[in-house]
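The block underneath contains the structure these notes are about, expressed in structure tokens.
Just so it is clear, A, B and C label the chains in written order, and each chain counts residues from 1 on its own.
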Amino acid sequence: MSWTRRHLLDIQSLSAEEILLVLDTAKAFKEVGRRAIKTVPALRGKTVINLFVEPSTRTRISFELAAQRLTADVVNFNAEASSLRKGETLKDTARNLEALQADIIIIRHSAAGAPHFLARVVNASVVNAGDGAHEHPTQALLDAFTIREKKGRVAGLKVTILGDILYSRVARSNIWALTKLGAEVTLCGPPTLVPRVFERMGCRVTHRIEEAIADADIINLLRIQHERQRKTMFPSLGEYATLFGLNPKRLARTRPEVVIMHPGPINRGIEIDSQIADSERSVILEQVTNGLAVRMAVLFLVNGGQGPRQVSGPERGARRAAGA
Amino acid sequence: MSWTRRHLLDIQSLSAEEILLVLDTAKAFKEVGRRAIKTVPALRGKTVINLFVEPSTRTRISFELAAQRLTADVVNFNAEASSLRKGETLKDTARNLEALQADIIIIRHSAAGAPHFLARVVNASVVNAGDGAHEHPTQALLDAFTIREKKGRVAGLKVTILGDILYSRVARSNIWALTKLGAEVTLCGPPTLVPRVFERMGCRVTHRIEEAIADADIINLLRIQHERQRKTMFPSLGEYATLFGLNPKRLARTRPEVVIMHPGPINRGIEIDSQIADSERSVILEQVTNGLAVRMAVLFLVNGGQGPRQVSGPERGARRAAGA
Amino acid sequence: MSWTRRHLLDIQSLSAEEILLVLDTAKAFKEVGRRAIKTVPALRGKTVINLFVEPSTRTRISFELAAQRLTADVVNFNAEASSLRKGETLKDTARNLEALQADIIIIRHSAAGAPHFLARVVNASVVNAGDGAHEHPTQALLDAFTIREKKGRVAGLKVTILGDILYSRVARSNIWALTKLGAEVTLCGPPTLVPRVFERMGCRVTHRIEEAIADADIINLLRIQHERQRKTMFPSLGEYATLFGLNPKRLARTRPEVVIMHPGPINRGIEIDSQIADSERSVILEQVTNGLAVRMAVLFLVNGGQGPRQVSGPERGARRAAGA
């Protein structure tokens, strides 16, 4: 198959084949990242705009580097310091960016659905870098990439996602991606944050951590957003660490080959014990590296790239451009 | 003729021929913007610094993209977060940027005359991106470019500028550009903001909107800066919308081929009705696109470019640089 | 000799030969800066991250331009707006940047030792852009470069550093560099800020400015950080200007060929008289220009460059990359 979408708005609307095509393309770009010259000319002369209405230094840098490595021109539009404050609508902002001949607009927004709205009003490609509590598709793709890389497959694996599921776009996108690829997903956390309604998405829901982690191949720990957590629905940090934190004692009751994931940044001593985060079972930093490759793949595909075969040739061009 | 200036400080000191040379050069760059690879190597190895002492995300991004498309190295110097706060003078800041071998300094400043001052103390080229209530020359050039593109000429056209003329650098630069190019300019708005003294600049001044728009070929609506408008001189927003806002009823009394312009960002429902902003008569987004081409032309010319003929050839170079 | 270090953390641990190798390499890059195309492909495809946990627009821009001129991909990570605020540790931030395949991390941090800590936990090259009151090695290298350029040598020269020595990383790095290169260093300023303990670093300490400047070949004036100066240890600004400011009357009692230096930004009328700052004796702006060349040299060397001979050839490559 080949890629036909101009946007990446969510995981929900992707087919398993499309998800696998992104992973295969990302794999090819990960190879490029191991070369001495990590840049390829795939997006030369194209314009990428990072429209971050909700701040996120890490995701912004990951996308910025991905665009740079594809030789795109990239500018950052931090909406806090911008005309959005003067009452301009998101639609007008996006149309203005498009009028600046943006080929791809990467949007992070606190409102769920903002990327979908944008895709309806502009001709540029739109990539969702996280919208409210809705989806964070590139995070789910890099998580699936990492799982496949570590385990050789996703189908049939038991994946447990632990934490604040209800308000997590990372969880939502992961559930879509993992179930589409045939994994068995278990959700676990405080009852207020992990309601039974998620069973309708094809997941097992449990509020007992021992049950959630006992036979997991993968444990994905969500970040506790303690600075903005709803106080009425959430236990104290100490309480959370006690009830749901992954500590050595709990880890001892998991399968020996379990892989520990986290979208970062981690809260050491809260959702994850410091030792575990730094242990061989943790692939947290590999997720970051894979995020770069996945984002290169996404930018490449929404811009008209077809798939991994097109990626393999660029070294010659990059070398020539370097005058070597 | 050919371009001889090292700076673009204002429109007032330009000749009609110089203005037309910028427009012709911008036209050539607009063609480049339609190619698959929008980048040309005209400023390769040159350094452009965006010195924005007054924040403006949109103008900054337009200049940043223009510089990137010319393959310049470009860095942003946001003076709010900088040593300017520590008491450093503008002169010292500029000399430091020059010592960093800046070839072009683009300056946005709240003080009228700041770019002219800079041009006297540094050897780098200086481009005015808006100084106080004085001038915003690239805005006037992109407006003239847009008018000429839509109407085939500027000379002899009736152009009405509507809004807060007294404190508008956009109005001032537009008046200079349009009168130099032979247009008939009408100014309209509340009497406190559109004093008769502008008649000395060769404009017609009226405070009755019906009279101002009846026979206009172009209506240029200024943004109501309601967040910083002088309260004593300005009616309420509702009052302004009632008295001077362009709504369908008023539009019905204009010439059928009238073109509606606005420097953006627009206040829907205040100076312009939402329907009109999105109608076929509006060229607001085309102005944004043309702004990019005009700014490429300005950076190219102040850096020693001669005119549009030099622009036409770069695709070959860009292709070769891409290793194609 | 050739360069073997992966990091530039301080001056203290460098040998005189290593310092001279940086200066020689910087000299070659300064030549490059005089060409029409100032860019060389030495770091093409490499990723440089500016991790500025303490804000500094000027130093950030100098490093950013240096990286751009070496054709590196460069992104800015301003930690104030980042996840560091969410409680992430510096170690985790740095490991994340490394996981993004950063080749070089440039760090500015308010805590002394932060760059050394980073160098122990990441594999990327680390360059210290100023850590607390500890060191600011590239400033000392550009100062030594400037002195050598002006005087033909450093060994045997009498260099006086004037100001708040105790809390100055610039002073500390300069003392190491200058004494290693064989200069005679005199420190002068208020007794609370220039304790006798500095004599152990091989300097002469005096609190009488006339004695400090009488036979100096070089006078390096430190910036009075009046916005954050410790009130109990520091005289008023007026008092400082009277007691230690370099004014025409004092300058008249120095040697005629004395060279006046300052790391910038200057406080006109406080540590330096305005006339002197702008006089022929002042090399303050040349220091800025040399800073760019020195930072190019440092980035080049920590990335595996061997020395000045490798620099001389890139023009051919740059030309070819430009399609010329």
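Just so it is clear, a residue touches a chain if its C-beta (ideal position, glycine included) is under 8 Å from a C-beta of that chain, and two chains touch if they have at least 3 such contacts.
Fair warning: this is a prediction, and the values are worked out from it, not measured in the lab.
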Angle of rotation relating subunit A to subunit B [CA atoms, steps of 5 degrees]: 120
Copy pair subunit B, subunit C: interface residue numbering same or different (half cut): different
Cα-centroid distance, subunit B relative to subunit C, in whole angstrom: 39
Contacts with 2+ other chains: residues of subunit C: 318, 321
Residues of subunit B that touch subunit A when the two form their complex: 33, 35-39, 55, 57-58, 61-62, 64-65, 68-69, 227, 264-268, 285-289, 291-292, 318, 321-324
Subunit C residues touching subunit A - in the complex, by the definition given at the top: 41, 44-47, 49, 71, 73, 75, 77-79, 81-83, 86-89, 92-93, 95-101, 316-321
